[in-house]
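Common to both upcoming complexes is chain A, partnered first by chain B, then by chain C.
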Partner chain A sequence: MKRSRTLWWGGVAVIATLPLGSAALSAPVPPPAAGTISGKATYTGTPPKMKPIDMAKEPNCVTQHPTPVMTENVVTEPGNTLRWVVVYIAAADTAAPAATETVRYDQKGCQYLPHVAVMRVNQPLDIYNDDPHSHNIHPLARVNPEWNKSQPKGAPPIHATWEQPEFIPVKCNIHPWMHGYFVVLRTPHYSVTGEDGSFSLAGLPPGTYTVTAWHEQFGTQRQDVTVGSGETKTVSFVFTARPY
Partner chain B sequence: MRPHSRLLALLSGLGLLLGGPAVARAQESHVGAITGHAVRGQQLYRRYCVGCHGKAGDGLGENAMWIDPKPRDFTAAVFKCRSTPTGALPTDEDLFNSVTRGFVTTNMPPWRPLTPQNRADVVAYIKTFSARWKTARPVTPITIPPEPAVNIASILHGRELFQRLECWKCHGPAGHGDGPSAHELTDSKENPIRPYNFETGSRFMCGTTNQDLYRIFMTGLDGSPMPSFADQVRPAEAWDLVHFLRTLQTLDTPEAALWKQWLATHAGELKPIGPEGGQQ
Partner chain C sequence: MGKLFAIVVTVIAIVSATLFALHVWWLPVDISAHGARIDRQLNETMVAAGVLFVVAQLALAWFAWRYGAGPSSRGVKTFPGGATPMVVLAVVLVGFEILTLTFVGSKVWAGIYQSPADPNSLQVEVQAEQFAFYFRYAGPDGRFGAMHPELANDATDNFFGLDPANDTTARDDIVVATLTIPVNRPILLQLHAKDVNHAFYVPELRIQQDFVPGMVIPLHFTATQTGKYEIVCTQLCGLGHYNMRAYVEVIAPDQFDQWLKQKAEQQ
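Then we have the complex of A and B:
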């Protein structure tokens, strides 16, 4: 239930803010210097603890990790920073060319690498199995079609594209601890927070933008930010952490 | 206004009063020579299907909480038994066959007591619960080549595939649905679900024939943990897997007879299935 609500709001965010960006992007001549929106994602409250994953069912994967892999749905660091937050401008950038470079997604050591993969609508996605055993890759899409494919050891990459923007949870049914996200966006302006919670959206024409920050467990936040020519604006997103 | 057009106008007016939204009345299904109509299907659905699948088609009927696996949510438009590739909508005929056949090991009974026309009408109505039936591009069913003759080489190769594709991880080394991943499987709504136990009987989840079995693992059962193997198995190999899977049943099939006969003298030559089986 929690998941579907998050997805729904994500969809609304994408649609609702379309006109803002289009207005901002009809830039006057000569073109002004691009602006940047950067900042950090942090939390208040008590986040759930990262837990070690028991991979005993797949001995190959146990040997691949000298120390156990930790769960990644909430990754926090000292200073209350939050990892795997997707920060983006929901408005479609009509001037931006279609994304043609292929996004790579790996299944390695019974883990998804990266945990959150961001791609644009219709951008090619290649899914690799680097493990010496089978995985089944099962994107639980609701707006896009849900599919489920087996990928045994040594099988070629699975090619995929997504036609609609959506936050798609990905799982492997054989190894139920494997959990990741495909985040499909229309905009080329996005950033995923790293370990220090920082993000940066560069190359923005001057204008007012609705900046959206999404976290798989703590939901979605939005802020309106105005960037001038060549300006760098700092924005903070503070999520309320719930322990469960 | 001619008399019959007046009658039509009156009927469509009645339809507006009695029927659901305009889209519900317009939806049709085509099964062979039969055309199903949603407006008639709605009446049947509200009598026979609503208890489990719910008035809104969301699988939350009043019986749903007592049922496991859960009734299908038609608003998601994700269906297990299809002739189409994974991720695609089923054909009208696929839905018709599912309604006719019911689902083994679930609470969905066969609906043969309804006439074929009735079943086609229900199928048309089921298609009104998701906009995907209007927006998705039609997808052609997978092609199934003619089945080659059963022989020991085919069964043995099928057995190798069962090991290499790791079917046993869920279905168990002997096909009893007790593999190492079996007890943690969930469907796409996070409800626990069991892998198929080949010892159960003569019915598979989507039919009883070798062709049905071929279709099940090549298309996958969408919404369940069962993936599609279409990209991993060549058509000839797929028939080998079908022949081996038949030997896991407790039925007198030609495959089982041949297998028993061969095993009587060669059982010692087989590598085990499962984690100790390695790469065969």
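Then we have the complex of A and C:
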């Protein structure tokens, strides 16, 4: 009896060391450190003026904004930086797991928040109406199926997904000044420029990438960038702005 | 049963006529120079139709009371000559009444809608689209930029399809969502529709006019009282029709000049 228990413990010890041994054997080549591409989106020339939006039709939205909301199709900041530019890697990353985190899109104060929402194909999207009145969201999709849904105040969020990559303009059929974009991408490597125009694509395995920058009014630009292991490359996209 | 019916008909006729006579639910205040003519015509129509309505209902009640529950042995009397002359007489009588009201009414209507606008009118272009109204003023240069429907784009707030890149007259055009006008000055609106039929209706202005896509429809009036009034669409134009509205703000002339100047600076 005593002997068999000793044997049993010995067996446990041998089995427990096995994974350690195998891990030590395959360790000599560490995985390449991920690289990063970052930079800024700027413009040259004269951009169109941002104009105050007249929301008189919806008095509640007027009171929600002590200072009028400005149009968002071209949002510039000092230093000629450009906001709402989507920078991404067009090539599909087949190894990337599907995106399961829900993207939230709000209709608040007769505005779409955020103005440009980026999501991946088949990523769940929830659209909320936070206003005390109706909205009617209408994504003008061409590749994906187009739909047009009314959402009264207090209605549950609208659930949606998009199966194909596409830049989808979004409008509200009740408040024509409301305008935004759903940007549906295959890649998990994307970034939207903020107020300072900066973007960052992290976690890139070493290699050469075609980086695309898209702006709703100034079009699309591409640059080929090679990133080494653990390297951070800086690129800048300069858009040509027109006043009209 | 006939007597009960007679009582119900009489009560309904008298109560509904009284509600109209006492103006219980009546038109809002008139703020237009031409509105008095519309209101007079509406009153005449109401009186003519109201008198006939009450007389016809009371006659119906009297017949029901007198003959409704009578013994079936009583001889049935018919209109002299049978049904045909009765129908002809009724058509002629009702037709005469309706045609008279139409001719008198259309004279008043034409006097307002078909009369030429004052040459010194303030011109405002109106664009109706699902589901909003937009208003355009010529700006400091006094000229409207040409409209190019293919350039119309809600995303860039180009509701009128202007081409400021090539058309310098369009650059200073003022586009707003509230119709702001000076009091006591003739206003000439040019109505455009971007998609389907809409209507411009301001009850206080006693004005109601359809928009028709492809047509530019002039509409003129003079507001005589300052204040903020609702503009509503009265042609079913889609799912959001219920929410298609804007406001007309009638303000003092000096306030208006100031407003126009302030808007011009934002362009």
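Convention: the second predicted complex is superposed on the first by the 214 of 244 C-alpha atoms of A that agree within 3 Å, B and C clash if a C-alpha of one lies under 4 Å from a C-alpha of the other, contacts with A are read in each partner's own complex, and residues count from 1 in each chain.
Rule of thumb we're sticking to: a contact is a pair of C-beta atoms (placed from the backbone, for glycine too) under 8 Å apart; a residue touches a chain by one contact, two chains touch by 3 or more.
Keep in mind it's a predicted model, so treat the numbers as computed, not measured.
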| item | value |
| --- | --- |
| Fit or clash between chain C and chain B when superposed on chain A | clash |
| Which of chain B and chain C A:I53 touches, first, second, both or neither | second |
| Which superposed partner A:L113 touches (first chain B, second chain C, both, neither) | neither |
| Partner chain in contact with A:V62 - chain B first, chain C second, else both or neither | neither |
| Chain B versus chain C as contact partner of A:Q151, first or second or both or neither | first |
| Chain B versus chain C as contact partner of A:N136, first or second or both or neither | both |
| Chain B versus chain C as contact partner of A:Q217, first or second or both or neither | second |
| Partner chain(s) touched by A:A96 [first = chain B, second = chain C, both, neither] | neither |
| Partner chain(s) touched by A:R242 [first = chain B, second = chain C, both, neither] | second |
| Superposition clash, chain C against chain B - the stretch among 25-33, 169-177 or 241-249 that is involved | 241-249 |
| Chain B and chain C contact sites that coincide on chain A, given as residue numbers | 57, 134, 136, 148, 150, 173-176 |
| Chain A to chain C touching residues, read off their complex | 48-49, 51-57, 71, 73, 134, 136, 148, 150, 169, 171, 173-177, 179, 216-217, 242-244 |
| Contacting residues of chain A [partner chain B, same complex] | 57, 59, 133-134, 136-138, 140, 142, 145-153, 155, 158, 173-176 |
| Footprint of chain A on chain C - complex, ascending | 129-134, 154-157, 159, 163-165, 171, 176-178, 238-240, 243, 245-247, 266-267 |
| Partner chain A, residues of chain B touching it in the complex | 76, 78, 86-88, 132, 136, 164-166, 169-170, 180-181, 184-186, 188, 220, 222-232, 275, 279 |
